[in-house]
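See structure below.
Per-chain numbering from 1; labels A, B and C assigned in written order.
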Amino acid sequence: MTGKLSIVMFSGTADKFIPLGVLAQAAGAMGMEVNVFVTGFALLGFTKKKNELPFPNEFKAMAPALMDGMKRGKVQPWDEMLKEAKQLGAKIYACSMMAGVMGLKKDDFGPLIDDIVGAASFLGNAEGGQVLFI
Amino acid sequence: MTGKLSIVMFSGTADKFIPLGVLAQAAGAMGMEVNVFVTGFALLGFTKKKNELPFPNEFKAMAPALMDGMKRGKVQPWDEMLKEAKQLGAKIYACSMMAGVMGLKKDDFGPLIDDIVGAASFLGNAEGGQVLFI
Amino acid sequence: MTGKLSIVMFSGTADKFIPLGVLAQAAGAMGMEVNVFVTGFALLGFTKKKNELPFPNEFKAMAPALMDGMKRGKVQPWDEMLKEAKQLGAKIYACSMMAGVMGLKKDDFGPLIDDIVGAASFLGNAEGGQVLFI
């Protein structure tokens, strides 16, 4: 398998980080090149300072059962999945424009972030592969 | 037309099921191969037990006018659109991990779900085509 | 660069219009063919009548700081970015079905909208390129 998966990670609600982790890890394990471009509210999930990511209001009542199910099913937390994806070669970039808007510098991000780049650079990397917007 | 459209259906608010139905049906009618991978809260739309899908809070006030417009415009309900897409060859899969987390088994899903599969299997099917994350 | 980027713009919250503008403009500047298909609540952003686009409830508290950061960073408003993308060749279409459901006619849309088309026509245009669902 020689495909390439690029993910624009924009959404900042806690639930959306699960498919981010799952898809990045699965694609990495299949030998695909994986590039993640973190922007918008999703940047809050990648700072050294831990921000509590909100659950979408519409599904808040289901959050405890879901968290329980993930524990019971031994589902890895999303950041562990991304760590594994990175060990398989995935790259994770923070969006330079939105980082600037939110006052975040390279040093504010945790070790999951490889670099801060612009949207054009991400789109260039993504060429010829598949792109998801989460 | 020989393309392939793969859709990761994650969002569980009622509005997002409309583009799911429209895109799957349109792509099917154009002769494209269509694969849908249902995960996250969207699984609630595919169980035998009917769950009421919430409208996004931000647009709740518009819901009645929208439902009215759909009736007036004779827009098919999303599950009818998916049924037609399936008659044209579309396949709809439930995500094994999230089904497990939510305690859902094959028998809990309605007839729209063809099978329960993992993310890697879906990504493998998706290769060489276009992928959307809804 | 000869790629093609097609964007289904469905979400109607204010935040999502930023990546729409950024990605369309960046792709246009890279010489990519850009097609945007506006549907769902996102249509509210493209009418002559100015609708106030809501901020997602989960992140409402951050909106003022974000708007401030965008001003300080001299980030263009999303509609300016789209105008530039259009000068670079991008096309923006409104979804005929949802426009009908919402009672919107060609004349109700502002100058960013090139035409009203169906989903099949959009998917046909998108073939062979990358597709995002925002």
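We adopt the following convention: contacts are C-beta pairs under 8 Å (C-beta built on N, C-alpha and C of every residue); 3 or more make two chains touch, one makes a residue touch a chain.
The structure displayed is predicted, hence computed values, not measured ones.
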- Task: Give the rotation angle, in degrees and rounded to the nearest 5, that superposes the C-alpha atoms of chain B onto those of its identical copy chain C.
- Result: 120
- Same or different: do the copies chain A and chain C touch each other through matching residue numbers, with over half of them shared? different
- Item | Geometric centre distance via CA averages, chain C-chain A, whole Å | 23
- Message: Going by the contact rule already set, what residues in chain C reach two or more other chains?
- Response: 57, 130-133
- Message: So in the complex, the part of chain B that touches chain C is made up of which residues?
- Response: 1, 3, 5, 15-16, 18-19, 22-23, 26-27, 29-30, 32, 57-59, 62, 65-66, 69-70, 72-73, 75, 130-134
- Query: Residues of chain A touching chain C in their complex?
  - Reply: 8, 10, 12-13, 39-41, 54-57, 97-98, 100-103, 118-120, 123-124, 126-133
